[in-house]
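Each of the next two complexes has chain A plus one other chain: chain B in the first, chain C in the second.
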Partner chain A sequence: MHSLLARGNAVLAYTLSVLVTLTFACFLSTIMVDYRTATEMKTLKIEVKNLPEYGVSKKLNDLGHITFNLDTDILFFITINLFNWNVKQLFVYMTAEYETPTNELNQIILWDKIILRGENSNLHLKNMRTKYYFWDDGNGLRGNKNVTLTLSYNIIPNVGRLPIIGAIGSHTFSFPSQYTR
Partner chain B sequence: MFDNLSIWKWHMDFVGQKHAEYLFRTIISLCGFVGFILGYVKEQFSITIGLTLIGFFVSAILTIPPWPFYSRNPLKWQKVKKAKKIEHSLTYDEYKEDKKKEKKKLK
Partner chain C sequence: MFDGFLDDLKRMNKRQFLYQVLSFGMIVSSALMIWKGLMVFTGSESPIVVVLSGSMEPAFHRGDLLFLTNYEEEPVRVGEIVVFKIEGRDIPIVHRVLKIHEKNNGTIKFLTKGDNNSVDDRGLYAPGQQWLEKTDMVGRARGFLPYVGMVTILMNEYPKVKFAVLACLGLYVLVHRE
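Our next item is the complex of A and B:
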């Protein structure tokens, strides 16, 4: 503390200690938050086509085509804001899960969205197309009776864990037994 | 580093150092605490960080430069005591000179 540099060092070091403490306190303040929300999904148009995916091979694969409605935060009709002071952004994604004779578990991400801070985290989407192709690696989609859509989101915080949270609620639909041309 | 630049007096006295340390610790801690509460209420962590940094700049301005009020209590040194005059002892050259003189006298 006697010289200019020693004083500068002391002030800077103390500031950094305080910042670290506050950041840790911020992490502790949100450690117990329950981020689960309810969601309601609905499929409107369901089609399945049999097409070659030329990027992979000339073999014919099943391509599903669905449109869907998506509503989040319908739990008790109270709108919940997922953004607290330790959430920078949400990465929301919709997964389709189904079983085929060749694979016990297939998971395909059909749609995703990045919700930034300041945007509304409640989604009310009508008649949405999927963002990514619903390709099966064979012919497992036609007539599949048990395809489940689930919504998950990844919370990107300022400090702390990077949790993946599954929304409560899912939607099960079946593909038609005829290919659409 | 700056110690050799004698135009400026960079040092604080001991009491001044104590005051400076107390001052910057109080300012930064207080800003951090208030910022934490404000950030929690407003749901915005950047408020917390920003307020702490404001505290840093304020305390840096207040305590890093050697403001005159940090050197109000200079050290009271003891007065210089009058030392007894020490008899001059011979250097080696003088000693040799003396020896030569003695030899000449003997001749």
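Our next item is the complex of A and C:
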């Protein structure tokens, strides 16, 4: 009854059930948290070129160039105001969304940033270049009047759901009607 | 200890032994039912996956578990973490959607990238393939549980561990009496 095996088994089983309960409590405690926050964006320089995207196709595609400002206090808001133990990492990304004659919806991530817990995340970025190329699938950028920039973030928890939250606030700009040479 | 098991086995009569075999069968079949039930419930052919590579670090590490759904009516959007299969590769890949282009007739093509990789996934796709489509998708990540998948990684990398565990479990179920 009191053999080493029986004791070891009891200790292991108890440890495991405590861990499972704690993990589940961690998940439950943050299931209802509202993570929304506000952001401010501005575009500075906007250009559009017409080039082939090498390695993808030989056709000429529109390539946008923008620089932007971004202001936000996301993780500050989440960790200080809500004091949340179930946020391991944020994946913050800026999306350009627009419509072209051939595609009714285009979404391109132009910039992203991984923010780990405890890192400074008061983002006040000035005159930033995009991290990824703004290639359109065709020639739909020149003269496009309605390109919307939005900021979203994917919360990676210690355990639980993986919500994607759109920050409040967006910025709309238009591309020039002439290609830059 | 092993002698004890053998003694137990000898003392059992035929009916008791059959009963143990049947209850073992019950355990196996109910596990299968739960898995198949999850497949129906989530719409994904593989509702739970283990992360096998470090390409999504620091979000997901090797051995973390992801819970997937794959509902037909849910659209694919950028920023989502999707699991997809590439022709000629056995192992599904977990990466984030970087770009989407949705045509007027509803067909959608998308490009993915791992958070920890410096370039997009075009080099990982089948030769000549530039985009993923909805049919390539196994599911999108909805829930996260760390470390638990390490058990299956251990079992797959050291088959001896797998057989040892299976043998112990089988013996226990067959011999154990209420």
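Please note the rule applied: the second predicted complex is superposed on the first by the 169 of 181 C-alpha atoms of A that agree within 3 Å, B and C clash if a C-alpha of one lies under 4 Å from a C-alpha of the other, contacts with A are read in each partner's own complex, and residues count from 1 in each chain.
Here is the rule we use: a residue touches a chain if its C-beta (ideal position, glycine included) is under 8 Å from a C-beta of that chain, and two chains touch if they have at least 3 such contacts.
From a predicted model like this one, the values you see are computed outputs, not experimental measurements.
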First (chain B), second (chain C), both or neither touched by A:72: neither
Partner chain(s) touched by A:37 [first = chain B, second = chain C, both, neither]: neither
First, second, both or neither for A:93, with chain B first and chain C second: second
First, second, both or neither for A:56, with chain B first and chain C second: second
If touched residues of chain A are counted for chain B and for chain C, the larger one: C
Which of chain B and chain C A:132 touches, first, second, both or neither: second
First (chain B), second (chain C), both or neither touched by A:158: both
Touching partner for A:114 - first (chain B), second (chain C), both, neither: second
Which superposed partner A:150 touches (first chain B, second chain C, both, neither): neither
Touching both chain C and chain B, counted on chain A across the two superposed complexes: 5, 158
Sites on chain B touched by chain A in the complex: 1-3, 10-12, 17, 20-21, 24-25, 28-29, 32, 35-36, 39-40, 42-45, 48-49, 52-53, 55-56, 59-60, 63-66
Of all residues in chain C, those that touch chain A in their complex: 1, 58-60, 77-81, 96, 98-104, 109, 115, 122, 130, 141-146
List of chain A residues in touch with chain B within their complex: 1-5, 7-8, 10-12, 14-15, 18-19, 21-22, 25-26, 29, 83-86, 158
Residues of chain A touching chain C in the complex: 5, 23, 55-57, 88-89, 91, 93, 95, 102-109, 114, 116, 132, 137, 152, 154, 156-162, 164
